[in-house]
Amino acid sequence: MLNLALAVGFLLVTVAVLLSLWRLIIGPDQPDRILALDTLYVNTVALLVLLDIKLASSLYFEAALLIALFGFVGTVALAKFLTRGDIIE
Amino acid sequence: MTDLGNHVVIAPILVPLLTGTLLVLLRGSATPLRRTISMLGIQLLLAASLWLLLQVADGDLLVYQLGSWAAPYGIVLVADRLSAAMVMVTSVLALFAMMHAIQGSDRRGRQYHVLFQFLLMGLNGAFLTGDLFNLFVFFEILLIASYGMLLHGGGAARSKAGLHYVVVNLVGSSLFLFAVGTLYGVLGTLNMADLALRVAALPPEEVGLVRAAALLLFVVFALKAALVPLHLWLPGAYSAAGPASVALFAIMTKVGGYSILRVYSLIFGAEAGPLANLVEPWLLVLGLLTIVVGTIGVLASRNLALLVAHLVVISSGSILTAFGLGSQAALSAGLYYSFQSALVTAALFMLTENVARTRGAFADQLRAGPMLPAANLLGGLFLVLALAVAGVPPLSGFIGKVLIIQASLDTPAIAWIMAIVLSTSLLTLMALARAGSTLFFKTDTNAGAATLPNAANLVPVAAVAVISLLYVVFASPIYSYTEAAAAQLLSPADYIEAVLDGETLAGGETRLDSETTSDGMPPDSGGHD
Amino acid sequence: MTNLPLIVLIPFIGAMLPPWAVMTGRPWSAWVTGGVALAALALTIVPGLSVMQGETLIWQQDWFPALGLSLAFRLDGLALLFVLMILIIGLLVILYARWYLAEQDPMGRFYAYLLLFMGSMLGLVMSENLIQLLMFWELTSISSFLLISYWRQRADARQGARIALAITGGGGLALLGGILLLGEIVGSYDLSAVLAAGKSIHADPLYVPALVLILLGVFTKSAQFPFHFWLPHAMAAPTPVSAYLHSATMVKAGVFLLARLFPALSGSEAWTWIVAPVGMLTLLIGAYNAFFKHDLKGLLAYSTISHLGLITLLFGIGTPLAAVAGVFHIMNHATFKASLFMAAGIIDHEAGTRDMRRLAGLWKFMPQTGLLAMIAAAAMAGVPLLNGFLSKEMFFEKTVYMASFAESFWLLPVLATIAGALAVAYSLRFIHDVFFNGTPTDLPRTPHDPSRWMLVPVEVLVVICIAVGILPSLTFGPLLGVAVGAVLQGPAPDYSLKVWHGFTPALGMSMLALAGGALIYAIRQPLFRWHETLFGRIDARALFEGFERALLWSSRALDQLIHRRSLQFMLVVLISAALVMLARGFWGMPITGSATLLPIDPVSTSAAICLAAGAIGTVVWHRQRWTALVMLSVVGLIIALAFVKLSAPDLALTQLSVEMVTIVLLLLALHFLPKQTPRESSLPRKLRDLLLALLGGGATGLLTWAVLTRPYDSISGWMLENSVPGGGGTNVVNVILVDFRGFDTLGEITVLAIAAIGIYMMLRDLRLDVPLTDDQGRPWSSDVNPLILATFSRLLLPLALMVAVFIFLRGHNLPGGGFIAGLIISVALVMQYLANGIAWTKLRLSGELHPLIGLGLLLATATGLGSWYFGYPFLTSTHGHLHLPVIGDLELASVMLFDLGVMMVVIGITLVILIRLGRIGLVQRRVAIDDSDLNR
Amino acid sequence: MEALIALSVGLLTACGIYLLLRGRTFPVVLGITLLSYAVNLFLFVMGRLSIGVPAILEPNRADYADPLPQALVLTAIVIGFGMTAFVVVLALRARADLGNDHVDGREP
Amino acid sequence: MVEIFVALLILIGAGFTLLGSFGLVRLRDLYERLHTPTKATTLGVGSLLIASAVFFTWREPGVSLHEVLVAVFLFITAPVSAHLIAKAALHQRSPSRSGLPPESLLEKHDGHGAKPRPNAEAKQKPSQTG
Amino acid sequence: MKTLFPHPILSLMLLGLWLLLVNSISPGQILLGTLLAWLIPLYTARFWTAQIHIRRPLLLLKLTGTVLVDILIANIAVARLIVGPRARIQPGFIRMPLRVKGNVSVSLLANIITLTPGTLSASLSPDRSELIIHALQGEDSAAIITEIRERYEQPLLDALEQT
């Protein structure tokens, strides 16, 4: 039951990853790419959570936490670069 | 090993580390204080190096197990005759370079002393470590410190040369990791002595991989040693760097040479089965080519700094040629040559700055400039150093070159070595004579006035000139040391035994124990899902 | 006996005196120098006397046995002959130079150089060890370089000196090669051993190469054809120098060596066929050229070449009697040539020119000089009753003797006679053109005889010429005897030193030469014109200069080709080298191993697709730099995922944090760089790069595959075993980092610290244009710190700090550790800067960040040093459990402190780098506007 | 899986090398970063691949990933970061000093 | 029972995650696309995290709630990210199907802003920063 | 007191967070968590320039509940829009004058708007008087503004700002 759900879950999230990647590649604008990258980050958090459950080990939790944190910081930095150029000023 | 006296092995690393750290902490302190600390650090280092040298001179191998972890599991430092001598030369060079720098060139940029100390740490660490990955770490330390020192003083030429130097070395570091990784991936260890054992017992199907890794490692070391065609970074970098920095750089190519010597005598030495004496043929050919190419550079140089930089290339080629011959006499000759050439080229760099400074706008360009009021002094020092570096008697380079040729006498390479070494000596001599007579004799009446050099600035240069002479006078004891060092290199079994059969320590394990314990583990400890 | 090294040492030590003495008064330097030479001469007397008894004195001291180099001096007949020549003529030259040098010439330096040279010559001739001989040999080249370039402001002096150095120095190097080969053959560099090994040397296959190399040394030093051209240019030296170098010393060193090694090397076909023809050619060419030189010193220079050719020819003939003649001529040539040079110097000094076309009729003005010169020139010409006649007579005799061996040798006496005639002709010219031949026309000065003392040296030498010419066996006879004995290393052959041998063919040749010489001189004007049209433009110096230019040009061309200052070129070379080496290593070996492999799952595949897309995207969009950066961050993310998947949580955390900081860093940098990369690579260039990239990628891919498909065994089993008992932590990676391989980590943070310092250094006073619009030309948004971001970022800070502490504390047992914690704190703080600006954040951040670097480094090192106190090596760790009431079990390990140090360094570095970088723009904008808005 | 990793390492290296050979500093920095990713991944997998067995000791587990290469890669990542930061700033310095961002300091 | 609950949460979470990315591809302009990840993806990951929390609480001794942290974190940051991206897009005047709000609404143009003055000044004196 | 415990609520939150992180409520961890919950706010106090005065905590809690429910609704709505025919999406920008003024409340409102059905706060006008909202179905902007006002802005205003 759980394994089936996990398998489906992995499949769905993997497709999501690929879709985000597709948006990242085709763009067309710079903000689109930031958005796609941000989504990709969140998707990977999903992947990690699934992996955690699958391996029944919470060792990857910090990685998920950090991806969430850094995904945000990255988005902020990239977006600020577009509006201000100088991201630390 | 619990004897505190044995800490002398790590002292050459720790002293500059602590001095450098202290200088970092004293950010913004007055220059005299920084100079004093830096100088004290170097003097302490010199004392430690001397102590270390004396301890290993009778053939003892000192093994220092960091964290009390026995090899091959922990990192060990190993001091043998060769590494102690390299540390010693580095310390002496550091003293001279610092004496030079504190005359004012250290103030052209900040952080000079910090970088200087860390560079020393990196150099000494590279000479002392017995672990391949740790060698990588020390390479990086010395490289990043050298990047900083290269850029010390700033300016467009330095930025450009620095960019080339840094990027090339970054790629070199990547190659290093590829090589170390492969070795670990096949042999499962990082300690050089342990690697040697495992290479000696290598199953035939793994030979290709290990050979590939070993040759890749050779590329890395050859890059550091400036072996043709991987020397391209050197002339630009060394000629652009301020002499205060580059004086210490003179030893950096020696690190490459040292690493080649260490790795290919210990791991891929005579007992390495199908991988025995892996790089010697390459070394011989490329070493000779390096001499030729360096000579071309020397002839073509339009300024003194560039000329001296090419001299560094030549000396590197000479050393590696000797190493390529592989015999004890040849290694000994190469070492003998190497120690003095580091000092002499460093002194030439320092002299270059003095000349450039007195000549004002003409700097070190090889064209007629103002009449030098101290032409006799500067020219005299130049003459002595030029003779030393070109291999003309009675100075140190001569003996070095003679030893190298002599070591090649009963090898098939003799004709090549003799022809190339002798003819390039002549060409170098001609180029130096031209440079010297242009700089010190030829005057351009419209060139304005030159200033007097700072006499204190010339002290280290003069000291090296004297050392160069003493190096000949005491050639015999020095050579017997290098000969013993070469003998030690050629019998890696002693090294391996010293490293791997060290005493049992608190917290550490002897090799025997560990093998029984690791037997409990499946060989492929990484599980499969 | 022990005097021998002293004789050599005295001039070297003495060389320091003249520059001091000259401060007392110019003449003093001369007297001091003379005193030094006299002292050396005095020291020679006692050993000299025993040598005259036929003894060979050897003084030996081990120096460098491994090289075969010992400090060894030898005084035998040959050496004594040369020592006396060097010292006596040296003394005369010193005396002469005292009056010769002008007021403005620095006399101290002159005498210092002269003594250096004298010492080098003495060492050379007295060396018992061949390597030591070579050292002195090269020293003579160097000290002569200094002497020749004495008038350093003159271009011809510098040039002449450099030519001399290049030729003789180069010859010295060849000689070195030869000596090393000789030593290899004999097994020793001791002259005694070498001289005794004559037969075995000849039999050795290395004999010919050794001979050729040694002869190269000899010929260059003795100015033999085709290396003769340095000598005339060395005439740019002050005349005393010429008198010294080209009569008794420098050039004689070559023939000395010929004589010295005569027993060891001569007697073979190779010897005869090399040495004799070279000598003959030199003899003729020198004599010919001497006649046509208009410069007095030029004439003497070529005559010197010619006479050296003669001596060489004599040794080349190789018979003992020829050797006797050679040695005898060495002595004779030294005396008359030295006096002639001095005379020429006097003429130059007094008349102001050396050009024979301007000089004439000086006899009226300086009869004393004229007389002396005339006698000396007659000796040079080989006029009977003078010493030159005797040795030339012996020479003619030998040529006739040789001719009796084979039909084809008839040429020998003929050529000898021609050379003799030419010698007569130029001697005649020297005298007649200068002292007679009408009256002087446009001399710069009115000449007169020089001061008394300047003539004394010439007089002494001329007296010797006459004395020897008349009474050879009473004067040079004994010395010649022992010298010949030394040369031949055996009893001297039967020879007689008599003025009159009866009517021999040699006498006939002498007469013929005298007559022929007179004839040649008589028809000199048409000959000059003929020579001018034929060889007038051939100038050795121009040739050498041309050679030097060609060398320079070709080396510069090659240099440009090799040492391109192009990073791309360097990298192509480096990468190609690595590829070649990898290919060489792999060659012929199986790639795939036998290990069992893991299956591929869809998630990994799609991750790999993302990775590929990111990597390729970075390349494809590398012109749109911002986009490339976004693509790059995908790669970093996927790598982190791969680490997670492949059981490396610590790595994943580190990778993510570093990735983040790197992206921020690159964004910061990109602000100051062009946002687009221009298209500038040509298609072939791109294809080359692509090829290299594919090869590189293929190589590393194959390498990875090859390793991964092989089973292995590693030392890490031990680490897993010992992590808890030894390191006190269950996170083995962390235990390795802070304990087993803590030294690596110490090095790693050192690297970071140095990087930060270097960056700090580079960023000081860095001025960069701040772009005023974005890459599409739009002005920047006015919203510097978006409110919503600012609000939430402040909320994040405590959370992140908490997480960091958490990560730090658990690092030893679970994924985490100081490094990652440090980066989290850094990123949290960077976030504050991002959201609130530098000024705002800096105001609220307590304390400086910079000291963290030093303190962290210090803490880490001090933790390591702490173990010294307990008598353990650096970085030895300890750990234990602390039981506290209520709180429970608290685990403490010394490595925590180490890790704390790591954390501090990381925070300090990251922030120093990023904030410094961020401030560039701030500083710039402050330059542009002084707006308090920034501090909002 | 091994093939996937090998391909990834190869691809990263190839992309890294291509960018390294560009003429401007920024792409070169990107190339260095890609190359260091390749190196890190390579060095890491030298301890072979294993899934779900991190080297965190647990009572009931015998399988662990090889921790040593992980530690090495950590060191390599950190050093690589320092180097990248340095070269980035150096690129800025060169841009300021040389007036353009070409690696050889001159517009071709 | 718990297993089914976890499985359900996993499916919902994964489904919403996919939905977010699907919207990213399907919708027609940036501003539309911004809606999906902020909502769907965040919720999707949120439910996955809850699934994880439940799972570990069930499987292992003690309560496992640290997943909540990530979820809270995501809920706080996702809107901020979206806001900033939207700001960037508006700044760049990324095209919208529904027309863009006037620029005057977005940017400050009075003398107090950081933008216009340095701009004008630097244009007059281009060598200032050279 | 103020300087020792600058932000008691934050401290409490941090303690909770710590316990969440360590997944344990052992005395040791509580002590450590308390220590951190005390020290970290002390260090970061200066970053919290605006003091938050929660006047009606219950209202805030209720708002949280509303938002959570709305998030669920938002997702279902968005899901239908994404999967359904694209013609149903009639996007538009809406200018919404703000009544909340404080930094925190403005930010909170903006976030809530983004998380809830069909709306996304795209930009804040420079004088902070207006929020520019992007709505997926933005034909009736007045209705959207009214709904936001009632559901979110008013409770925020009541809970956090003095009126």
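Residue numbering begins at 1 within each chain, and the chains themselves are lettered A, B, C, D, E and F in the order written.
Following the convention adopted for this analysis, a residue touches a chain if its C-beta (ideal position, glycine included) is under 8 Å from a C-beta of that chain, and two chains touch if they have at least 3 such contacts.
On a predicted model such as this, the values are computed, not experimentally measured, just so you know.
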{"item": "Set of chains whose contacts include both chain F and chain E", "value": "C"}
{"item": "A-E against C-D, pair bridged by the larger set of C-beta contacts", "value": "C-D"}
{"item": "Most widely separated chain from chain F, with each centre as the mean of CA atoms", "value": "C"}
{"item": "Middle chain, criterion being Cα centroid separation", "value": "B"}
{"item": "CA centroid of chain B to CA centroid of chain F, Å", "value": "62"}
{"item": "Centroid spacing, where centroids are CA-atom means, of chain A and chain F in whole angstrom", "value": "22"}
{"item": "Chain D and chain F: spacing of chain centres that average the CA atoms, whole Å", "value": "39"}
{"item": "Of all residues in chain E, the ones touching two or more other chains", "value": "22, 34, 42, 64, 66, 69, 73, 76-78, 80, 82-84, 86-87, 89, 91-92, 106-108, 113"}
{"item": "Residues of chain A engaged with two or more neighbouring chains", "value": "10-11, 17, 30, 34, 58-59, 65, 69, 76, 80, 82-83"}
{"item": "For chain F, residues that touch 2 or more chains besides their own", "value": "17, 21, 23, 110-111, 121, 126"}
{"item": "Touching pairs - complete list by chain label", "value": "A-C, A-D, A-E, B-C, B-D, C-D, C-E, C-F, E-F"}
{"item": "Chain D residues within the chain A interface of the complex", "value": "52, 54, 56"}
{"item": "For the chain C and chain E complex, residues of the former touching the latter", "value": "767-770, 772-774, 776, 778-784, 786, 788-789, 792, 795-796, 799, 924-925, 927-929, 931, 933-934"}
{"item": "Chain C partner contacts - residues on chain A that touch it in the complex", "value": "10-11, 14, 17-18, 21, 24-25, 27, 30, 33-34, 37, 40-41, 44, 47-48, 51, 59-60, 62-63, 65-67, 69-70, 73-74, 76-78, 80-89"}
{"item": "Touching residues (chain side chain C, partner chain A) in the complex", "value": "602-603, 606-607, 609-610, 613, 617, 626-627, 629-631, 633-634, 637, 640-641, 644-645, 649, 652-653, 656-657, 659-660, 663-664, 667-668, 670-671, 770-771, 774, 780-781, 783-784, 789, 793, 796, 800, 803, 807, 814-816, 824, 827, 830-831, 833-835, 837-838, 914-915, 917-919, 921-922, 925, 934"}
{"item": "Complex contacts: residues of chain D adjacent to chain B", "value": "20, 25, 28, 32, 35-36, 38-39, 42-43, 45-53, 62-66, 68-69, 72, 75-76, 79, 82-83, 86-87, 90-91, 93-94, 96-98, 103-105"}
